[in-house]
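Okay, got some structures for you below.
Two complexes, one shared chain (subunit A), two partners (subunit B, subunit C).
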Partner chain A sequence: MLFTSYEFLGFLFLALTAYYIVPKKAQSAVLLGFSYLFYFLSDGRALVFLLVTTATVFFAAKKLGELHASQEACLKEHKAEFSREEKKAVKEEFLKKRRKWLLFGLLLNLGILAVCKYTNFAIANVNGLLHFFGRTEEFSPISLLLPMGISFYTFQSLSYLIDVYRGKYPPQRSLSRYALFVSFFPQMIQGPISRYDELSATLYGPHSFDPAQLSSGLQRVLWGYFKKLVIADRLLPAVNLIIRTPEEYHGAYAFAGMLFYALELYADFTGGIDITIGIAEAMGIRVRENFIRPYFSKSVKEYWNRWHITMGQWFTDYIFYPVSVSGPMLKLSKWGRAHLGNVIGKRLTVWVSCLIVWFATGIWHGASWNFIVWGLGNCIILLVSQELEPFYRWFHSRVNLEDRFGWKLFRILRTILLMSSLRMFDCYRDVPLTFRMFFSMFTAGNWKVLVDGSLLNLGLDPKDFLVLLGGLFLLITVSLLQRKRSVREQIRTLAYPARFALWFGLFLVVLVFGAYGVGFDASQFIYNQF
Partner chain B sequence: MEELLEILSELHPEVDFAAEQSLVDGKILDSFDIVSLISEINETFDVVVPPEEIKPENFNSAKAIWAMIEKLRDEA
Partner chain C sequence: MQASSSTISSEKEALSFEALKEQEEKGRGNRKNRLSAAACIAVSAALILGVLALLQALLMPKYMGKIVEGAMVAEYYGEVKDHDMVFVGDCELYENFDPVYLWKQYGINSYIRGSAQQLIWQSYYLMEETLQYEHPKVMVFNVLSLQYNEPQKESYNRMTLDGMRWSKTKIDDINASMTKGEQFLDYVFPILRFHSRWKELEQDDFTYLFHKRQVTFNGYYMRTDVKPAENVPEGKPLGNYNFGDNAWDYMDRIVKLCRDNDVQLLLVKAPSLYPFWYPQWEEQVEEYAAANHLEYINFLELTEETGLDFQTDTYDAGLHLNLSGADKISDYFGGLLAKGNPEYGREAMPDRRGEPELSSRWEEKIKAYEAEIRRQKENPPGIDP
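Coming up: the complex of A and B.
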């Protein structure tokens, strides 16, 4: 079910009404019922996958919790008689048992994700290798179901499992409450990837009906619809035309497409997250922010701290750190220091771990080489920036530019261009074609198409461009205002008529300028496919 | 503790690590710094920092890092 469909609006109305009219004790159950209904209506055949992940992770975490408790009880009972070595041996024994349950949960659920998402990618690569070695036989791709939001709910479940394994918090005792954590419908399509300790603090209520909270949440939902329907979906036909006909639209068109896609993806993804967080807020539930004005970042490192934050932190906490401090990596570091010198040896762990984590980030986004190259491109930029930091420090100690507006603007534009260029791998979904299109920007020499009206033949007429310019202006204004405090809070300080005019105005803008007409279809969110 | 302060100063010479109390929350140390630091801790103090110990409260100040090292040494 699309967030942008009329059915969803009806569903949301019913869910909110039911949530607030049932007794508070039943709110979690109602929310779970609506969450499963949402999943069933969106991707009914895949519901079984969601149920399997929920049940297996709940059960494995329950076992982990029992083992933690048994270990503590055993140590407490024999506190006086156990020597230091005996205590260590007990801990080691329980750790081994816990590790088995962790592996069971991890392997089973990552296995499901791997089979559903990566089987055909593996088959294509095996076929490629067979051709390379001159063999004519090949394996046929298999028709597989890709459950909606599988990457998001699997990662969210595994973060819970790993945290319970690490003893960060005890497992949830109630299966239905745990099931709600995994299936909470507003974040089912494209995250954010919530952490159990954060989301559970408000997920289970009870929540009293609060008109101010409801209206504040719905205001954010409206802002999300504005981004999605007025900006992202309006740009969609032009982006698709440029991407799908690269022979015709290259050079300056590729440059325009790159920028259009940067705006479309931002409006699409952040708009969807606004809808998610807004719906949760309307129910009194706090969902973690996933974006903090990423296009205002002055470096790629800063950008990744502000874009898809929950995904980045997931990869940092559950892949980057464990890989970096693992036995083999510490051995590699020692080997590096002994054989390559202290300077390189010290950095080796960071380089290799960074490579692994960005490979994983790339393949998480999609089962194809373009995403892997995109991930590795990000890795290279981050590592090069890291290694150049001493040079930057030296440069700024001699040239005082850091506080100048022009320098900040240059860094922001540079970051946007770097990130947008890398995202061309995501657009074209073909590595050689992406390189050709990227280099065509410098060789085609057709820059005049940006100003001679040719862009009006991309499926967008002058009115569409005016709407987009207006939308972009509003986006930038809101982002600038947000730097001090929430724009909704600022609007709340205005007189009632002004507040009403602003929100009703935005509602009308979405209604009138949303991309619904001929040639436009309210589309699924881009991150839904991940 | 002196050795730890030296390691930290090598990472960011401009920071007063003896006084700073929010190295992670204040975004002075990022994930790359923490991994480099853990590798140095392993090399210098022969202490393995497990992933579950990588949390802001253990890395927010030199004192907290030192306390973590001592705890891990004690448990080893």
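Coming up: the complex of A and C.
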């Protein structure tokens, strides 16, 4: 079910109404019912995958909790009798058992994700290798179901399992409550990837009906629809045309397409997250922020701390740190120090861990080489800028630029261009083509198409561009205002007529200028496919 | 002691009085707050509804310029509904038959409920709706729409459906007509469909925001210009000449509707040269008419009797007739209607020119009709694309 469909709006109305009219004790059950209904209506056949992940992770975590409790009870019972070594041995024994359950949960669910999402990628690569070695036989791709939001709910479930394994918090005792954590419908399409300890604090209520909270949540939903319908979906025809006909649209067109896509992706993804967080807020539930004005970042590192935050933190907490301190990495570090010197040896594990994380980030986005190259490209930029840090410090100690507006603006624009050019791998979905299109920007010499009206032949007329410019202006204005505090809070301080005019005005803008309905292709959120 | 106790009690009274007063004031304040909140909500709601209604009215197509077909269905509701004959169908009716001529020559009070590419189920529902307003003696249906078995174009759907008044009939009609990708909600709130018309707004959208001009004369769309029919294209061979089950089902429903309401159904094939009317289609209609004992007139076979000349009587090379052609057809048809047809139990259509009230209504219409003829003669409308 598309967030932008009438059906979803009807569904949301019913869900909100039911949520607040049932007794507070039943709110969780109602929400779970609506969450499963949402999943069933969106991707009915894949519901079984969601159920399997929910059940296996719940029971594995339950087992981990029991083992934790048994270990503690055993140590407590024999506190006086056990020597230090014996205590260690008991802990080791329990750790082994816990590890088995953790591995069971991880392998099973990552296995499901891998089979559903990566089988055909693996087959294509095996076929490529066979061709490379001159063999003519090849494996046919398999038609597999890719359950909606599988990457999001699998990662969310695994973070819960690992946290329980680490003893960060005890497991949830109620299966239905845990199921709600995994399937909470607003975040099923494109996240954010919530953490159990954060989301569960407000997910299970009880929540009294609060008109101010409801209206605040719906205001954020409206802002999300503005980004999605007025900006992202209006840009869609031009982006699609440029991407799908690269032989015709290259050079300056590829540059325009790159910027259009950067804007479309931002408006699409952050719009979807605004809708998700807004719906949750309307129910009194706090969902973690996923973006903090990423296009205002002055470096790629800062950008990744502000873009898709929950994913970045997931990879940091559950891949980067464990990998960095894993046995093989410690050995590598030792080897590096011995053979490559202290400076490089110390950094070696960070570089390798970083490469692993960004490889995983890339492949998480999609089962194809373009995403892997995109991930590795980000990694290289991050590592290079990290290694150049001493040079930057030296440079700024000599040239006082850091506080200058022009320098800040330059850094922001540089980050936008860097990130947008890497996103071209996401656009074209073909590594050699992406490189060709990227280099065509410097070789085609057709920059005049940016000013001679050629851009008006991309499925957008001057009025569309006017709407986009207006939308962009509003987007930037809101982002600038957000730096002080939430724009909704600032609007709340205004007199009622002004508040009414602003929100109703925004509603009318979405209603009239939104790209939806007959004549527009209903588009799913871009991150839905990940 | 007494004095002090009385002082205490009076103090208590004073205190309780103060408290009561305070409570009362608080209550008044709360009531005032509630009232102002309610007023705020009421004003906001009214403003929201008003603005949305205005915006919807502005953004909906007016059909007052070159394409007027979308304004036809709604015009019927402004009529005094005592017609003796109602035509229901596509452009082959509203461009080829002239109710003004039928009135002037035969005193027949008729109306055409036509719209562009009106599909057979749309005709059925328009007939059903018409019968909720009046009880004509005869209903005329043009059989060309039997060729469509499934919903066709969204834009034509809107031209027929947006003009209809809300009723169960309209809901059924929408459900039967929606093409893939259309949403029922877009009919309930047309602003959802036409929101992107902000790009196309023109003077007409403001001129006809609150009122519309009459675009037909009792449903007849008049054209006086001439474009002779030359090089009329032959019909392309079809894979299957059989009309579809859905179309036949609605044909059956039309027959039943008329029988149940004691209305004489008259099938016609208007004399348009194209879309091509295949002999195989003709056969099926003739068989159906015979099997159901229905009167059927194919005007394509009556060019001699009607005196139709495709060099002078069409404004778009044979697709539709101009005023001269429509009057020739209406003259012939009026003659048949005035006589009646005992074979099908059709009584002669009454000449109502003697009814003063009806005559005066027609007088008004004739004045406008003649003014339009003069206007078109002075400013020929040209040829529709």
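Note that in this section the second predicted complex is superposed on the first by the 527 of 530 C-alpha atoms of A that agree within 3 Å, B and C clash if a C-alpha of one lies under 4 Å from a C-alpha of the other, contacts with A are read in each partner's own complex, and residues count from 1 in each chain.
The rule is short, and it goes like this: contacts are C-beta pairs under 8 Å (C-beta built on N, C-alpha and C of every residue); 3 or more make two chains touch, one makes a residue touch a chain.
Note that this is a predicted model, so its numbers are computed, not measured.
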item: Overlay on subunit A: subunit C relative to subunit B, clash or fit; value: fit
item: Subunit B versus subunit C as contact partner of A:Tyr496, first or second or both or neither; value: second
item: Which of subunit B and subunit C A:Phe513 touches, first, second, both or neither; value: second
item: Partner chain(s) touched by A:Val350 [first = subunit B, second = subunit C, both, neither]; value: first
item: Subunit C versus subunit B, contacts on subunit A by residue; value: B
item: Subunit B versus subunit C as contact partner of A:Gln386, first or second or both or neither; value: first
item: First, second, both or neither for A:Arg166, with subunit B first and subunit C second; value: first
item: Superposed arrangement, angle subtended at the Cα centre of subunit A by subunit B and subunit C, nearest 10 degrees; value: 160
item: Partner chain in contact with A:Tyr6 - subunit B first, subunit C second, else both or neither; value: second
item: Partner chain(s) touched by A:Ser324 [first = subunit B, second = subunit C, both, neither]; value: first
item: Least Cα gap, in Å, left between subunit B and subunit C after the two complexes are fitted on chain A; value: 44
item: Common interface positions of subunit A, toward subunit B and toward subunit C; value: none
item: Footprint of subunit B on subunit A - complex, ascending; value: 166-168, 301, 305, 316-317, 320-322, 324-325, 327, 330, 333-334, 337, 346-347, 349-350, 353-354, 386, 393
item: Residue ranges of subunit C in contact with subunit A within the complex; value: 40, 44, 47-48, 51, 55, 59, 154, 181-183, 185-186, 191-193, 195-196, 198-199
item: Subunit A-touching residues of subunit B, taken from the complex the two chains share; value: 14, 27, 30-32, 34-36, 38-40, 42-43, 48-52, 54
item: Subunit C-touching residues of subunit A, taken from the complex the two chains share; value: 6, 461, 463, 496, 500, 504, 508, 511-520
